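You will see two complexes here that share subunit A, one where it goes with subunit B and one where it goes with subunit C.
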Partner chain A sequence: MRFVDEYRDAEKARALSAKIASLCEPGRSYKFMEVCGGHTHTIYKHGLEDYLPETITLVHGPGCPVCVIPMGRVDDAIHIAEQPDVIMTSFGDMMRVPGGRGSFFDSMAKGAAIRMVYSPLDALKVARQNPGKHVVFMAIGFETTAPSTAMTVLRAAAEGVGNFSIFCNHVTIIPAIKAILDSPDLRLDGFIGPGHVSTVIGCRPYEFIARDYGKPLVVAGFEPLDILQSIYMLLLQLAEGRCEVENQYARVVPWAGNLKALRVINEVMELRPYFEWRGLGFISHSALRVRQRYAAFDAEQIFEIPGGRVADPKACQCGEVLKGVLKPWECKVFGTACTPETPIGTCMVSSEGACAAYYNFGRFSRERVREATR
Partner chain B sequence: MCLGIPGEIVEILPGHADLAKVDVSGVRRAINIGLLDNERLQPGDWILIHVGFALSKIDEEEARAALAFLEGIGQAYDDELKALRDSSIDRG
Partner chain C sequence: MKGIEGTADWAEAAVREHVPAAEAPSREEQVLERIERARRRKARVKEEHVTMAHGSGGKATQTLVEAVFLEAFHNPLLEPLEDGAVLDVGAARLAFTTDSYVVSPLFFPGGNIGDLAVNGTVNDLSVCGARPLYLSAGFVLEEGFPVEDLRRITASMAAAAAAAGVLIVTGDTKVVQRGKGDGCYVNTAGVGLLERPVTLGVAGARPGDAVLVSGPVGEHGVTIMLARGELDIEADLASDTAPLNGLAAALLDACAGAVRCLRDATRGGVATILNEIARASGVAVVVDEDAVPVRPSVRGACELLGIDPLYVACEGRMVAVVDGAAAGTALAALRAHPLGEGAALIGRLKDDPPGLVLLKTAFGGTRIVDLLVGDPLPRIC
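The block that comes next holds the complex of A and B.
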């Protein structure tokens, strides 16, 4: 059944590809940025760039929450994990992310108690089962995962769990997009908006991008046809002289987002004055911390945090890749010193990082297209 | 952790207003549905799940299309299912 669908999808992809080509003005080139690691993954996995005219370039933005965690924060988390009677819990994605002093996996090998969990609620369960230990959850992610962390803190507070806290590294997508727009490095023609983040924040927060910066944005789903359809919608706006926020993924993303999720984030967390992003540097009001009223569940209030800044390794160009200035293969260490097995930078660690996605799939994309059209 | 995975609600767990037993590609686990409490979810409804929480209600057609897509992406979905298998949320 899947093969039948794949064949039908290839037909539809070719039809969309022709419509896209017909909308491109001769002599004009286009740059669209996607700001979701899931989109990056789909683009490389399915070789979507090969369905586009050469005048369209897809640029990968800072959409992978694992990739944007600066090395200093990894070191801080490891410092907490090494305290006596602490169990650190983390999503699997975070385990191999290198800090200045190695990764969670390296720290485990030296004896730190670090456990992988699927959900922050699993971390809370570890706390209930280990009353003699303090259990910390390494909270990462955009607005997609922040409500889950917030719900877990509320649950812990309701139950009066006294040995659980979060090390909050949640980041917010809008300030990152604004930083990209304000950066002189890049001239963009529009954005492919993130899908799952938008299920929480909705489409309204993007309106300033169209209104104040004159760039269209289309919130997109994750399947190859969704992304091609979104590129078509962006080009149609440009061709018709429109500049709007549109929702290609309305079957999942409500225009207003998930109000309950926004409410629980706001109950538990507040914006930090600033936060460091790998590659983008310090961005104002771009991350969340635990509100004072939940200080008992805030690892930053419970432990001494070194808070040191660690410069990225000299050879690593994740910063340029995250800003979309460099394509993964243009980095000096891509695929040689830096591979998914021995990552130097975060973009190679996460399966949704641009470098790992390109390393795993991108290199074969032309062959895939030849197969599909044979 | 970034993948949104579709699941079908099998039952709302008695005594836990926020918890439902959900089937994801044959793996049945407890999922928190507290972020969708205005949707009045019932067995047979499909939801999109992130890290143990239902984030949006979707229709069955979307769920099946998303599952076919995820099953095609390989390692990342296998890792997510493996993590879900190890999950044992027992209280909201």
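The block that comes next holds the complex of A and C.
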């Protein structure tokens, strides 16, 4: 397949792998965080760690949009879905995310009208097709998906659709990275920067990471060679004593971002004073809400929202996993109480979450597998 | 902040149930062992209600089947949980199976619920090693369903039965109120005759065996997803629904003694079948991603949706596990049949690590291919 297979070439991977190994200082170990859940997924799906020396550890960051939604917000969404004459619409990977009282799937089984859609525009279509119902879109994601949500609100406004609103849970990536950088038990050598988010926000917002925190960051694409090359670029920076923001994904990411998309977000949404992240707690100015002038499309203003907070279970160590302090398997409940069937913590929820990726794709001893696949 | 802080009772209960109080995190190897022990525990349904995941063919389905149905009905003939049961009746060995069809939309490129229902049961009998003979057909119709559509469905069923050489010899009709069904549901059951002294089953695979698929995977599942019209993706694709009795017979004619297990890769796709084999036989299945045949349009659609074609349903493809020494013969026999032209050798069985399906990725890495919990869900971005 063109534009895909080129970036999955095993021969090129071997060449890059050798260059990576040659850049590693003997006796030194490296920890890089891939911020984005899409990268985590790629790393496990393609078995990319097989190309890395054992001294390089990849830490799976907070950029899985499904994983960071706090349980209380899921309960709120279910509360909305249970109102009479409401159809809740949601992306597929949100369907299994548990709140304090179960997931969308559980709620559907009890009779709530919840439909899976592939984009917010599909949700708007559902609204047009069901004039007697109020259709709510469960809006989640980083700056990647926020523009399409905002566009949908603008279109609904332009068309005068009166039975459509969004339950806005959009979050922003920079405050989350900052929260991780400020955490005292952190030890990272650099960041693999999120690719899709950067198509919208560009590379400039990351500059403080290199400047103020002294950590290099390379914005990376989503194919396995992209990630290998980004790791190479990080190591090269470290070897040459540089600390910069670099763009490996220049074929898609403009340095200045996508101004049009940013304008659309800004037209429809504004920063919340604070928002709760699963595993990370409250982070100020880290999420978006609908501006007052679009209140007619804001589910939070249309419905009475319980707004309860559900504490993460005490045994759950997602926060430590997200910060790279613990490996997924080092968490006490990993794989026994917390599994993809019954996820307890955020990281086990979506296939992009660190624990789910490790459980589903990487739950084996490398030695035994090397033997088996020889 | 409004509202009061609550806890997720279900989560606290799950933790209490599973975590020995003083156990500290330990070395990765020990943790992996502990997880495998947890996975071997008897399945329990934790949900209070049936969810869509229980119908996906993945882990949730398996749990429901083992914890509810097997628990209630258990007997030695049911326990292997194969696609059909093999029964000794007098001097004859019969295969017996049943399957219900609830596909939406009812009509899709390459077929409709009718030929799907006939082929599905024919295939379940074929992979038991039997020659399919007689089928039943049960219909649950919704008030208001167009008779013309019912005629189209039954015409395809008749054609599919004729093509497979089986007779539909008994049936049943029920009508439910408008809104209580999705137009038309079909159930078929079937009986076949085992003419060869073979014993096929997921528990019969051994290290050294070869894994074959009879053609490109995932076409039916992707066709249905696109036919629902929710995706705005267009592709030149049709369901692969087909009767596999001829193909299975051709394979057994060529090397009956070497065939350990046949399964048609329906719900849950090839990955789910391989997991069943790994678990039941206590072997490791090592699959070479490069060797798995996938049509470009299926691959493209799966890439866009972020799902893995290995988990996507087929309705006319089978997975065969054969003695490694007979792999060449088996592959040639499959390829010589019109429905097996695209057959491929996709992997081998090893003894360790038992119960796991491993994939050598096209990129050159390694990963696990586990059972999915429910249906593959499209990813956000």
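In this section, the second predicted complex is superposed on the first by the 354 of 374 C-alpha atoms of A that agree within 3 Å, B and C clash if a C-alpha of one lies under 4 Å from a C-alpha of the other, contacts with A are read in each partner's own complex, and residues count from 1 in each chain.
In this text, a contact is a pair of C-beta atoms (placed from the backbone, for glycine too) under 8 Å apart; a residue touches a chain by one contact, two chains touch by 3 or more.
In this text, all values refer to a predicted model and were calculated from it rather than measured experimentally.
In the superposed pair of complexes, A:L48 makes contact with subunit C only, with no contact to subunit B. Contacts of A:K215 after superposition on the shared chain: neither subunit B nor subunit C is touched. Once the two complexes are laid over each other on the shared chain, residue contacts for A:E330 go to subunit C alone; subunit B is not touched. Once the two complexes are overlaid on the shared chain, A:N258 sits against subunit B while remaining clear of subunit C. Within the superposed three-chain model, A:H79 lies out of touch with both subunit B and subunit C [touch as defined at top].
Of the two partner chains placed by superposition, A:R289 touches none, neither subunit B nor subunit C. Applying the stated contact rule after C-alpha superposition, one finds that A:G92 touches each of subunit B and subunit C. Annotation for subunit A, partner touching more residues between subunit B and subunit C: C.
When the two complexes are overlaid on their common chain A, residue A:P306 makes contact with subunit C while staying clear of subunit B. By the document's definition of touching, neither partner reaches A:R278: not subunit B, not subunit C. Taken together, the two structures place residues 38, 41, 45, 65, 91-93, 116-118, 122, 140-141, 144-145, 196, 351-352 of subunit A in contact with subunit B in one case and with subunit C in the other. Subunit A contributes residues 1, 4, 8, 10, 13-14, 38, 41, 44-51, 65-66, 71-72, 91-96, 98-102, 105-106, 108-110, 116-118, 122, 140-141, 144-145, 196, 224, 306-311, 313-316, 326-327, 329-342, 344, 350-352, 359-365, 368-373 to its touches with subunit C in the complex. Across the complex, subunit C meets subunit A through its residues 1-12, 14-15, 17-19, 23-25, 28-29, 31-32, 34-35, 38, 46-47, 49-53, 59-60, 63, 230-232, 284, 286, 296, 299-300, 303, 306, 308, 350, 352-353, 356, 358-368, 370, 373-374, 377-381.
Only residues 2, 5-6, 37-38, 41, 45, 64-65, 91-93, 116-122, 125, 140-141, 144-145, 147-148, 151, 155, 159, 195-196, 199-200, 222-223, 251-254, 258, 260-261, 264, 351-352 of subunit A touch subunit B when the two sit together in their complex. The part of subunit B that touches subunit A in the complex is made up of residues 1-4, 32, 34-38, 48, 50-53, 55-56, 58-59, 62, 65-66, 68-69, 71-73, 75-76, 79, 83-84, 86-92.
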